[in-house]
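Take a look at these structures.
Look at the two complexes coming up: subunit A is in both, with subunit B in one and subunit C in the other.
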Partner chain A sequence: MRFVYFSILVMMINMGCTSCQREEVAPHIKKNIEQGSRSIKSNTKMVMIPGGKYKPFFGSDTSMIKVDSFLIDERPVTNGEFLEFVKAYPEWRRSNVKRIYADTNYLKLWTSDTTLPDTVPLDAPITQVSWHAAKAYANAVGKRLPLLDEWEFVAMADNEVPNARKKKSYSDDIIDLYLIKNRQFNPVKKSSPNYWGVYNMFDLVWEWTDDFNSVLITGESRAGEYSDKNMFCAAGAVTATDVMNYAAFMRFSMRAGLKANYTVNNLGFRCAKSIHKN
Partner chain B sequence: MKNIWLIFACIFLFACKTDQKSKEIPSDSIFQLTSTWQDQHNKSMKLSELQGKTLVVVMIYTTCKTACPILVADMKKIEKEISPSVLKDVSLVLVSIDPETDTPERLAEFAKTNGMSAPHWVFLRSDEASTQEFANVLAMKYKKISPVDFSHSNIISVFSKDGKLQMQEEGLTIDAAKVAGEVNKLVKSS
Partner chain C sequence: MTYKLFVSSLLLAFIIAGCKTNTSDSQGVSADKAIAMVAEGKAEVAEVTEAPNVPKPVGDRAPKKFIVNLETTETVGEIADGKQYTFWTFNNHVPGSFIRLRVGDEVELHLKNAANSVLPHNIDLHAVTGPGGGAEATTAVPGQEAVFTFKALNPGLYVYHCAAPPVPMHIANGMYGLILVEPEGGLKKVDREYYIMQGEFYTKAKTDSLLEFDNDKGNEENPDYVLFNGKKGSLLGKNMIEAKVGETVRLFVGNGGPNLVSSFHVIGEIFDNVYTEGGTVVNHNVQTTIIPSGGAAIVEFKVDVPGEYVLVDHSIFRAFNKGAIGKLKVTGNENEKVFKKGGAKK
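Moving on to the complex of A and B:
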């Protein structure tokens, strides 16, 4: 009798255990069902940028950096496209995303996981996404984020020449664009493209680059030339190779201040792709 | 007979409990990262396998001649400052930023030459994308400046046993006693 009693007790405990496990596993299983299609396509036209050498805005040495030919999206990724992405990849929805990948302001203006308010147009660039989220999107569409050097290489162009850095108006015009408020809610591709046929490099949003974390402007850099300049205001500017390019200086300062899980209300991204030589 | 059943019952209860516990990884924990790593014994692993120990983490590369030796010395100083009774609940983790050169064999050799063979020393390497992701999670800046050299910021990070960042010390004059103090406190309070 006692044996039976204890058997029942153990069985009950066991059941209690499995049911508590089941409860815990349940959301997991639910998530599996709610896997999303895990397949999205990007129809954004890509522009071929023939490689070349360029003098980076930053760095102590004046040597030229070689940039290989690559493809870049003609415009930033839009809210509508990012919405399709989070529908297909539920782990990137606002309520599911892990804090290690995106801070609490991730997709903050959205009204729910998969709905946007009218104030955030579908054809305006996506913002308030972290570097991890941008990278995940790029992976999902079979592309990647542009390298910092690639982005800056494209950014040298105005609408007439591939390298407009020498023009007086070049930096001033960009600064004027940077100063416009709430420009991130304007639709993409409404302004004129640059020399390469690439739109919205400056007028709507700042953009993540794959290696944004390679910007070392603090005294932490081992390069001796930097270290004793902390004593001066804007020490970084001393090592800038192109002091007139204040717009680029703003971009580099912005990048240096970012962390990969930060989300910012006017920081978005576009994708790029390598050209594989056979 | 009665006792055996009681013991069984206890085991089931406990099994259930520990199972529950291991699932509670905080949203901002580094154990959320899904990347795969190899340690110095060529064992393939996820970061979540480091769960349960307080972690002191630094990113280096073994061929570095300048800052890294200082960082390695700092890690050894921290090891010395951690109370011996606490050390079994701590992992001191060195993550390579040069996964191409720093093979598991090379990491094992580095560990040996630097007197870092004790079980609390963990050396890790992964692929380039995972390394970049991890550096970004640590907010560490790095750039390959030539095929053999990297410039990078020097950061030692302390994580609680559930993988949450507790402290970061930056620069080349790291206060080992302060870092070790934080580790001692974390282990004792858990």
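Moving on to the complex of A and C:
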């Protein structure tokens, strides 16, 4: 009995320590640890994106969407970082996660709850994670997932200008990247950054957004203009603002096929943060 | 008295015959009839085949329940002359597997998207009555499987294709195939049946040996290749389709497009029967039949003389310059009454 008290004490000291040597938490103690008392750090550099208005890929020609200034991770979250997360948050380990939060492919390539095979490099982006898991990670590092409009706002840039959508090669160049198989095993930040200094928007993984399925929901200024029907066959051609932007079609098609507990081999995420005005 | 009875019986017979004709001609009524058909028993996995082969005919069997399994893949294969192309497929082949049903069959279609796919895919079957032909219900991201169930209501030969955005690109990369719905009692028995599907490819060089899709050429409808069964020479040399003199040949011909309308012709033959546009109306004695993009036709002809019969898209530059050419090899005895070289003997 005394030993248990002692263990808890040691545990609490560990928790308080920021250098965070994470130990396996015994199941009977796990319950006693409050969610908020745990935290992990993200050292990923964030890039400030000055807000503005942009024309979303779906919607009427005239509807411009306002995007507030925000911070976004300069690159996707890596396998190594997600490993630290599951070490600190045992409920997100493969053997503990609930099916409603992540399907059976969750972290499937990993060799155990906390070990990865050599084929899954620590500096490559995390994949096979659900929206719930991505959101929990973002929460744990004090960030959030980017909104779809934020992500697409950043995605308009090539490495020269903030909005390259009018360039003829814009979509084709992205598609060239999209169609390469197994690129999710390449390390982050090896390709050149875009205009904002953001890396790997297209060349490694698809990325979750907080409201990935919002294009399926009619609402706000775009109410009634589209529903999921518009994603299929020729209907997409009616509502897309740029019918030759095949890369955007692919992203929206991908998002339309997702559910929050799906985990996909080439789908990862990066984090964002709001800028609070004083 | 007897005469009167005879006349009224005759009249009645006419009326009944008249009604019958009306019933079978009216599509709404026949679809209702198909809906009412009961598919008995436990679902079986349906036989599906790679081109140029087709599954066995339905014959006179009753409606049944089937499971059809299709997998969407993105796979590199030869397109022409040692050049590779990244095809997007149903079941790893272009065209996708041939599905054969009868009116009243109930199908649970499982669409699995391969785990190593890059993109989401789905299936829109023109044989399906319902939203998107199944496209919305079957959209599967890489590694996922989607399922929907439909009942075959209308007999005919139908195209299926992927309808995930960007649709033109999915079709241009080879995501199409044929699904046949035979009428009650089946199509008339023939000696040979083959599956041929035309599609054109818009390419640019990625490396010396690997080609990839060219969106601009697609938009301009200017293909580099117009092919039968997804590969130049897929019906030539040792891949020729075959028949013997005296046999009747039935070709299930589809056109995946994505853009071109085919002028399908067999050099040296006349189609005895053409199920125009894959529907119920049969035309006879046809030289060349139009097959729209996203459409199909069934052609039948008896072969009377041995030789190699060339299958072409008679929009003829496509045949000689872009690959829309195949061959039917007919073996057997000559019949000089029908065809011989030279004039009458003196």
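Annotations for the structure displayed:
Throughout what follows, the second predicted complex is superposed on the first by the 222 of 278 C-alpha atoms of A that agree within 3 Å, B and C clash if a C-alpha of one lies under 4 Å from a C-alpha of the other, contacts with A are read in each partner's own complex, and residues count from 1 in each chain.
Keep this in mind: a contact is a pair of C-beta atoms (placed from the backbone, for glycine too) under 8 Å apart; a residue touches a chain by one contact, two chains touch by 3 or more.
Computed from a prediction, not measured in an experiment: that's the story for all the values here.
Contacts of A:Asn182 after superposition on the shared chain: subunit C is touched, whereas subunit B is not. Of the two partner chains placed around the shared chain by superposition, neither subunit B nor subunit C is touched by A:Leu122. By the document's definition of touching, of the two partners only subunit C reaches A:Asp172; subunit B does not.
When both complexes are overlaid on chain A, the residue A:Asp211 reaches subunit B alone and has no touch with subunit C.
In the superposition on chain A, A:Arg99 makes contact with subunit B only, while subunit C stays out of contact range.
Once the two complexes are laid over each other on the shared chain, residue contacts for A:Val264 go to subunit C alone; subunit B is not touched. By the document's definition of touching, neither partner reaches A:Met46: not subunit B, not subunit C. In the superposition on chain A, no contact is made by A:Val161 with either subunit B or subunit C.
Once the two complexes are overlaid on chain A, the subunit A residues touched by subunit B in the first and by subunit C in the second are 256.
Interface residues of subunit A facing subunit B in the complex, by the touch rule stated above, are 2-3, 6-7, 9-10, 13-14, 16-17, 20-21, 24, 98-101, 131-132, 135, 210-211, 213-216, 218, 220-223, 256, 259-261.
Within the complex, the subunit C residues that touch subunit A are 74, 86, 115-116, 118-120, 122, 124, 131-132, 135-136, 139-144, 163-167, 169, 212, 215, 219. Those residues of subunit B lying in contact with subunit A across their complex are 1-2, 5-6, 8-9, 12-13, 15-16, 19-20, 23, 26-30, 32-33, 66-67, 132-133, 135-137, 139-143, 151-154, 170-171. Contact residues on subunit A toward subunit C in their complex (touch as defined above): 105, 171-172, 175, 178-182, 228-229, 231-234, 236, 244, 246, 249-250, 252-254, 256-258, 262-267.
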